[in-house]
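Structure first, then comments.
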């Protein structure tokens, strides 16, 4: 009797083993994310884990190609400007949510109103801050009204996930998402995994992969172990050193730019010659190839990637010229003086390493560098301190709107949270561009702004970091500029 | 043997020194009998020397980065060089030098915590045991309450708030670990208090601090020493765990636990990054544990008796053998 | 007996109160949770509004009174990080830690008792020496390192067990083994020394002389008498694990238990979740302590409970 019980237990145990490993079969993939979503409501949090899952469940009004160009998604065509502050959006006909609710102008208007409602208190509000109202003008057409001209509204609509008006009022909506996307939600075992399955009624091209499981693992080493053990098919944020050790890897130029903000108003960095010298002194190529093993590009003298709106391809990076840097430093009479460089550790990929490498180059140019690495909270105090700006602050800027406006308002424009200059010419260029609806004129304004900041050397532009993904042997995926993990673009052998 | 004369102070001192040396010799002889203990003592001596002379032994500055020589393997690999005998880490720092300097942090934290926690715990225990009454009740309640705290969680929170550093790690670990000493000291004091010589001292009119520190405390040295060494091993592990979790020693300082945490991301391509500091921790703690178990053996009267019997038996066997040999000798020659 | 329960309960309340007050004081010293929670580009007005929403702008005594009220109702409010009730998160994670603890320590007990007895039968013998040295080694190897070693060997090299996470029974093996090994080492040492003492007692010798079977004498009489210190150690190990020592194992294996959640909450400066976790841990410790006293009483009715 007892023996039989044991046998039974063993059988159950073995059975569970098998179901555990059974997931790794054809057309079903497992993706390891760095953090578990805290909610699956697509409009409330600004959270990478949530986004990675919901990007496959929900559609947005506009989307981007893999290279970053805006194209219609739920919209039938690109939004049209009908008045300086009004955009008209026309939707594709015949789309329904996974639960059968129709996708129409009312659903989009509802979604806009939901996310901009101050009581809803969405963390994504910064993406939609200029939208004042939305109203349906037909079954499939609507007007989006902004507070003044807003040329980057299309980029904002790229962030707007459309939620079903009826189901989203359900109190369990945050655990039971329903969208129009290529995958539907199956289950969420908190702390363990989220499962999605292919939506066979999808309006777009049918995806090849049948089902996705998301796992949540904070430690990069543990994620890597899982990939190498064959448990995962895709992991994010692979360290550059491992590209030769994983079955496959994909790298795409990402949205992150490490820079050093120089204080243009006081201290030894007040002299433009010194600021230029600080740029010339850094061997950016060596940083990209040494620290990042080639998985980073040299930033071309601007806080923008080539895929961003406003990128000026006439401006190129300051060359590495240590002799000229030394001469400029001597010429400015600051040789041997101390410059304070502030950074933090563990927040961004190789942040501390970058700061220390930059400090090393500056010392070679004839300055004493006082590197101060602060714990993140304390670091933020220094970054936001408007009264006493440090000589040089290291920061990594990330721009999800792929438009110059966001980066420039924060770091280039006088008074921005991370700006260390009081250049009114630059500020007015950025302000004018902000409300300029003519695309070409706006582009020109940003080109001028890029040039001016470059000539004045308000920053030391370092790199543009590539996102690296580790893939299992059976998964194929080219990667995306905007770092979205769209399973519909993946194929699996 | 003539009885020692203690006419002058110098002579008395010389005599004393002789006795002291004698007991060290005796300890040495005991040690020779206990092989694991001997290994432990040798290892610890090496570690302490290594920690003290770290800057002279280590071939490189443990914090010196060299981005061109990152993740170099140990010397026995094709790509390894004698310059970095045990390879380099992800920032090109010398693994051997970091391991040597890591000993400093581990031993320093261990010693500091044992001294702080032990000092405080012993004083509390002495007071509770000797003064009794309300003081005793209060201190024991306090100990009982603190023992029931989820200590590690509180430690993590306090470290996160105050900001982790060498000093805060020591303070937090000491705050967490003084209760053992307190309890042990108190129970020992309670039993010693009844002994005739303490009563005699009381009758003579000694004040209580004098009785505590001159008469009672010396009797506690041996159990306290054993406890302290065991705690030392525990603290070395605790420091490593805290540093591993990122709430202990902070870079650019070195600590074995920190090195394992940083090396863990690279463990599939550079096994030496986690293995070497990990082994360093294990060897250190093992050595301390070996010494502690040896000390426990020689300070426990029962165990000593057994050992003595075993030793005597061995000696007798040897003697008998020798006598046999002697008897046999004439025959062979 | 009633008096005993009463005293233990009062003491338990003092412990819980003490812990929560410490956590309250300490977390209010946190530099500024607001700054970390909001994105880099937020304006000062947004920061002020957020602070107000959390109630962090009010005087500390008022915050404290409210906090005590919340504690009594077991409602600490919504976690800042997950935006849902903190206690809900705790109740979700706690069973995972309990599962890990039970399997890990259970495995240690199952192995430790026979190993300890075998070692005790011939003290100084070969088996004994190997066991003692193995235990010392088990006590000396840091847990986080052992866990990493297991991952590399069993999950990546041999691919027989999963690297991390939870879900199937096979997921629990490596973390439980890592968690149980130091416990196993401590238990073996204790079982061995208590059994040596017991086996030298007169009653054991008499029982053997009377011709009672070996298993009966050792397993029933000697082990039962050695049970008290063994129980104490096991209880202590359970307490340790629930009181946060599981955090190391849970971090290494991404095991979704209370320890991992605690360290995540600390990293994100989620005061509310931290408070809920520490409170729960303190309650667990107190409850297990009281339970242990009752078990003592069951094992050895001679004990006086005071």
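Worth pointing out:
Per-chain residue numbering starts at 1, and chain names A, B and C are given in the order in which the chains are listed.
As a working rule, a contact is a pair of C-beta atoms (placed from the backbone, for glycine too) under 8 Å apart; a residue touches a chain by one contact, two chains touch by 3 or more.
Bear in mind the structure is a predicted one, so any value in this text is a computation, not a measurement.
Chain C has the Cα centre that lies closest to the mean of all protein Cα atoms in view.
Look at the CA centroids: the one farthest from the centroid of chain A belongs to B. More inter-chain C-beta contacts link the pair A-C than the other of A-B and A-C. The geometric centre of chain B is 26 Å away from that of chain C, both derived from CA atoms. Rounded to whole angstrom units, the spacing between the C-alpha centres of chain A and chain B is 50. Each chain gets one centre point, the mean of its Cα atoms, and the points for chain A and chain C are 39 Å apart.
In chain C, the positions touching at least two other chains are 148, 152, 156, 251, 269.
Within chain A, the positions touching two or more other chains are listed as 219, 221, 225, 228.
For chain B, residues touching at least two other chains, in rising order: 264, 267-268. Within the complex, the chain B residues that touch chain A are 65, 67-68, 70-71, 90-91, 163, 246, 251, 264-269. Within the complex, the chain B residues that touch chain C are 36, 141, 144-145, 148-154, 156-158, 160-162, 233, 237, 240-241, 244-245, 247, 257, 260-261, 264, 267-268, 271, 274, 278, 281-283, 285-286, 289-290, 293.
Taken together, the chain C residues at the contact with chain B in this complex read 11-12, 14-15, 18-19, 22-23, 26-27, 29-30, 132-133, 136-137, 139-145, 148-149, 152, 156, 242-245, 247-248, 251, 262-263, 266-267, 269, 274, 277-278, 281-282, 284-286, 289.
Contact residues of chain C toward chain A in the complex are 31-32, 35-36, 39-42, 53, 81-84, 92-93, 96, 148, 151-152, 155-156, 159, 162-171, 251-254, 256, 264, 269.
Touching chain C in their complex are the following residues of chain A: 13, 16-17, 19-20, 38-39, 44-46, 121, 123, 126, 189-193, 215-219, 221-222, 225-226, 228-231, 376-378, 380-381, 383, 406, 410, 417-418.
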